[in-house]
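You will see two complexes here that share subunit A, one where it goes with subunit B and one where it goes with subunit C.
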Partner chain A sequence: MKNQAFISSVVAILLGLIFGLIIMIIANPFTAFPGLLTMMGGWLAHQDFLRRLGDLIFLTGPMILTGLSVGFAFKTGLFNIGATGQYTLGMFAAIFVGIYGTFLGPTQWIFAFLAAIIFGALWGLLPGLLKAYFNVHEVISSIMLNYIGMYTVNNLIQGDANLFNVAFSKTKAINLNAYIPTTILRDVFDRSAIDLGILIAIGITLIIYFVLYKTTFGFELQAVGSNRFAAKYSGIKENRSLILSMVISGALAGAAGALYFLAKGSVNSGNQYSVGNELLTAGFDGIAVALLGQSHPFGIVLSAFFISFIQRGGYFMQTLGIKVEIIDVIIAAIIYTSAMAMLVKDKLIKILKRKQP
Partner chain B sequence: MNFMELFILIANSTLFFTVPLLITALGGMFAEKSGVVNISLEGTMVFGSFFSILFINFIQENVPGFNPSLLLLVAAIIAAITGSLLSSLLAFSAVNLKANQVIGGTAINLFAAPMVIFIARTLNNVKNIPFDQDFNIQKVPLLGDIPVVGEILFQDINILSFLGYFIAFIAVIVIYKTRFGLRLSAVGEHPSAADTVGINVYKMRWIGTLISGALAGLGGLVFVVSSSVTFSGQVGGYGFLALAVMIFGQWKPEKIFFASLFFGLMNALSVKYTLIPWFDGLSLGYFFTVLPYIATLVALMLTSKKSRAPKAEGIPYDKGSR
Partner chain C sequence: MEAKTNLPIISMEGITKSFPGVIANDNISLNLMEGEIHALLGENGAGKSTLMSVLFGLYTPESGQIKKHGEIIKIKNPNDANRFGIGMVHQHFKLVDVFTVLDNILLGVEPTKGPFIDRQLAKKEIIALSKQYKLAIDVDAKIEDISVGMQQRVEILKMLYRKNNILIFDEPTAVLTPQEIEELIKILKNLKKEGKSILFISHKLNEIMAVSDRVTVLRKGKSVGTLFTKDTTPQALSNLMVGRDITFEIEKLQANFGGIALEVANLTFISTRTKKKVVNDISFQVKKGEILGVAGIEGNGQSELAYLIAGLLKPDSGTIRLLGENVTNHSVRYRNDLGLAHIPEDRHKFGLILDHPLYSNLSLKKYHKQPFQKHGIIQKKKIFQLAETILERFDVRSGKGIQSLTRSLSGGNQQKAIIGREIDSNADVLLAVQMTRGLDVGAIEYIHSQMLKQREEGKAVLMISLELEEILKLSDRIIVMYEGRIVAELNPKETTKELIGLYMAGGKPS
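Here is the complex of A and B:
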């Protein structure tokens, strides 16, 4: 089974890459192949190898958490398209504590991180409640909450001179104590963006794995995911499972927002939120990560690394004159093919079985 | 500004926002009536508006003196065709491959904007495509002279607005009074029953989804033409708002018309409220911006227990399971 899951993800990636390559060839046949090589690893083989690797590892952290967010909800049969809203709320809470919580001293970053988790969880709780008690489909309610969350956060930030830098239309830099510690990692990786975030993300992955596969609670969640009604008749409180699953999913997305914005970045100015009336794409990347990782925590770590890897590759591909949007096209194509990968996989198995005597 | 002027101004602005929402929401309805959830309206709007604006840009630069209203109508056809081309991806994955429709739709949403921006930047290095906003008809003869109504409906307006109302009118007739409309609803409510009486479920769902894409593409063009002077690779969440309008309108074309008016009014108020004396000095822009989304959530809470959503919506139809 595990092999089949892996193969269908690889097939989805290959189809996505082939599609992207075709488009690059149409755009410019001379740069398409060098572009592909750059994207698939050429960008890392560079004299700045360590710094680029450090940046990549840093970016993988939030990506793992958004992937876990979407994947965890998938396990309970929920499609959390609201990860971007929960991420935005988490980001806001982290920045708020990161600027106002100076009295917290060296523990400020921990409180900022926890605040993000709580805000993300609350924003996940809403679609959970609506689903459990009002039978509102979580996709529609989450889409609405994405916009409500984004406009609310923008409104709160713009209304607060301590948070908002009007000249750049960005949030102000957070307090030094609010950055996630970089420890020796930053020196090892040549002043890249890397910090303890990646270890936090991997720690959370292990916890999620444990919860899903080694506890009764996790078993119940998955039972609700595979058959809501069967689970209900076997005595599982399905409403409780639905709500808790959305809360945990939201908490993970919120944590991702903190991990990204509580970082110093590869230059010391830190990551700041640009206030604009567009949803952040991080939550949508999580959908690709979760689908590719087949919603398994360890699969999600691998796919988060891969998606971050090609996104960074796309950034460096621009020196060849290839527009960076091609990466999002490829990721979308991968999501599209993953959605049907399960069926293709089933058909493949049927064909293979037919050939056996 | 006296009350009448203010009323006309708000009404004008409301219709401005209403028409693209109306067209796109009707598009969503056609797909969902047939049983296919189309959350890719947003991406389809971007896709349709891109190719039609690209065409408008080309004609305006190379064929000076081309009649603006005619140009807009040809662009509308291009928007509809490219929109339905994009939604054929959804139809293929949802109907033929029986894949999860929400994931397929999400993929299309995520695909559309980067794809067109990639094309725009490959052609021209920037993502924005400018065009001359000279489509508005100053005053429709005779009708434009009617007091108030004429000023609201028939002055300083582009031809696509009329097309929007016309489409709404046609949609009501098609859904309730034609064999096609009734079959479409049947396929969305109870596909296996429809199949047993000889209706081709797959074909109906394909047609429903293609109409949906055509209308969403057109809605995208109307949105960009009436709200901006350049295509910038996004439609500001209007596709999702249209989805909300459709639900608010309970999947019925006549109710969708009123729902889009309500959402249009909220949008108009969010940008024009400062002109209204009662709201003077209050910062209500945020309030009016989020109100449609909150209203949708409340409407969903009130109606979902006895929702009028097509029963088989989102469920792939498998002939074998009949």
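Here is the complex of A and C:
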């Protein structure tokens, strides 16, 4: 089974890349192959290797957490398309504590991080409650909450001169104590954006793995996800599982927001949120990561790294005159093919089932 | 058998159809003569339905050919089959519930007048057909409002309206009461008289003896022979079907009742959708060491009764007492832990998580208890031990033991796994619903012996079943449900199948 999952992901990636290559050839046949080479690793083989690698590792951290957020919900049979909203709320909480919480001293970043988790969790709780008690489909409610979250956060930021930098229409820089420590990593990786975030993300991955596969709680969540009727029949409280799953999923997305916005970034002023009327794409990237990683925590780490890798590659492809949107097309194609790879797998299972009359 | 021509109307020659890992039909040949009723007998999984699906164009065989009147025909889909005059009544009817009988019959072959459906013309034709073949129907009624027997007649008229003359019936009696079965047998004989050729799938020997001219027996995907029905006996057929001698009688020890284990009083459940009292003021008791059989036609409230007792539905009024304790408002888990085991009606929907490994299903009722978890952490070793024990004790066969994907098990073994899990929970009350549905003779025999063992061990068993034979064979007492009520309480030693059937259909002995 595990091999099958891995192979279907690799097949999905290859099909997505072939599709992307075709698009690139149509757009410009001369830059297509150099572009592909750049994307698949050429960008990293550079004199700035260490810094680029450090940036890549940094970007992988939030990606792992959004992937875990979506993947965790998948395991319980829920489609958390609201990871973006939860991420946005987490971001807001992190920045708020990062600016106002100066009294917290060196622990400020920890509190900012925890605040993000709590806000993300609350934003996940809402669709969970709606699903459990009013049977509102979580896709509908969480899409709505994405927009409600974004506009609420935008309003709160714009209405607060301590948070909002009017000139750049961005949030202000957070307090120095609010940055996730970079320790020696930053020097090792040649002043890149890397910080302890990646270790936090991997630590959380291990916890999620443990919860899902080693505890009765995880057993119950997966039972509800695979067959809610059988779960109910065996005495599992289905609603409780649904709600908790959404809360944890939201917390993970919120943590991802903190991981990204509590970072110094490659420039020392840190990552700031640009106030605009568009949803952040981080949560949607999480869907791709979860699908490609087949919702397994370790698969998600690999796929988060891979998707960050080609996203970074796409960024550097621009030097060849290729539009960065191509990367989005390729990622979209990979999502498509990975969904199809699962279909193929499901078909196989169906045929196997049919053979047992 | 009087054939009108020398050539069979349909001959299937050397049909082979395999699915990954299993050969469902292995070089099967079968001749259907014009105007005969040809029965196809075999256990579940013998390949009957596959063979008929090949004939109806649902499956393409890897090898073999189909001839009509000696000429090779290619049937790629049901439309082709229809063109060659082949119609099929599936075990689960293919009818649109909210459409009228008329519209269901017309669906796909609507006669038109300009852009409109000419319902008047169709109605006349259909009424004429129903008279010709003595198929009583109400053309304007909606499917959801008519009886299962009438729904089946609608399916038959669908074929006749399409001018099919080769009719396939897939286990047509599975959903009928004894009276309806007799009615169907008359209908089949009528159809034969009118020159139709009929293929009749069944695993019930008495029906086959009553209705067919010839019978082809399948076993494990192979044809083991075609016999003239008048030259054979049920015992001979069943030996052919199973491949060994089977005992029809099982030994049932003297009853030894204890105290009341399950007591249901004035239980009522109102469907939120139809606002009908699906379970209507039901009261009964089950003692330790007793098997109480609940008979009834599907859809008369038995399923809901089971869900109410299990705690999956909440009653509108009434009480449920389990081992003397009022559990009406307690959770499923509370009841399970107190002493209720439940073999659910739908083993795929409720009984198992098909995509999880077998061990996880075998521990579904115990994983939350010591020593299977410690401080919320699952103790895999203990769970594996538990699963291995159940596997061995109940002879559950699977490809990779307890690690097998539950979906990969055969239906019989899946059911054995559920029964093993439930019996292993050692609960005082066992709720068994349709426990042998869709299983082969061997598995049924085994499950029946397990039920009697439970009875001997002093467990109270509430057995809900559509199979009258099963109810008569195992029960110490029988109640019959009709439209949500208990309409009769009977002693199996003093009653007959016919009498139960009468009560099941809402009648009363005159």
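As a convention for this text, the second predicted complex is superposed on the first by the 344 of 357 C-alpha atoms of A that agree within 3 Å, B and C clash if a C-alpha of one lies under 4 Å from a C-alpha of the other, contacts with A are read in each partner's own complex, and residues count from 1 in each chain.
Here is the rule we use: a contact is a pair of C-beta atoms (placed from the backbone, for glycine too) under 8 Å apart; a residue touches a chain by one contact, two chains touch by 3 or more.
Since the structure is predicted, the reported quantities are computational estimates derived from the model, not experimental observations.
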{"item": "Partner chain(s) touched by A:291 [first = subunit B, second = subunit C, both, neither]", "value": "first"}
{"item": "Subunit A residues touched by each partner, larger count belonging to subunit B or subunit C", "value": "B"}
{"item": "Subunit B versus subunit C as contact partner of A:141, first or second or both or neither", "value": "first"}
{"item": "First, second, both or neither for A:47, with subunit B first and subunit C second", "value": "neither"}
{"item": "First, second, both or neither for A:278, with subunit B first and subunit C second", "value": "first"}
{"item": "First, second, both or neither for A:214, with subunit B first and subunit C second", "value": "second"}
{"item": "Subunit B and subunit C footprints on subunit A, overlapping residues", "value": "none"}
{"item": "Partner subunit A, residues of subunit C touching it in the complex", "value": "19-22, 24, 44-45, 47, 49-50, 310, 312, 331-334, 336-337, 342, 344, 349-356, 360, 364-365, 367-368, 373, 376-378, 405, 407-411"}
{"item": "Contact footprint of subunit A on subunit B as seen in their complex", "value": "39, 89, 93, 97-100, 102-104, 106-108, 110-111, 113-115, 117-118, 121-122, 234, 236-237, 240, 243-244, 247, 286, 289-290, 293-294, 296-297, 300-301, 304-305, 307"}
{"item": "Residue ranges of subunit A in contact with subunit B within the complex", "value": "23, 27-28, 79, 81, 130, 134-137, 139-141, 143-145, 147-148, 151-152, 155, 277-279, 284, 287-288, 291, 323, 325-329, 331-333, 335-336, 338-340, 342-343"}
{"item": "Subunit C partner contacts - residues on subunit A that touch it in the complex", "value": "1, 214-217, 219, 222-223, 226-227, 229-237, 349, 351-357"}
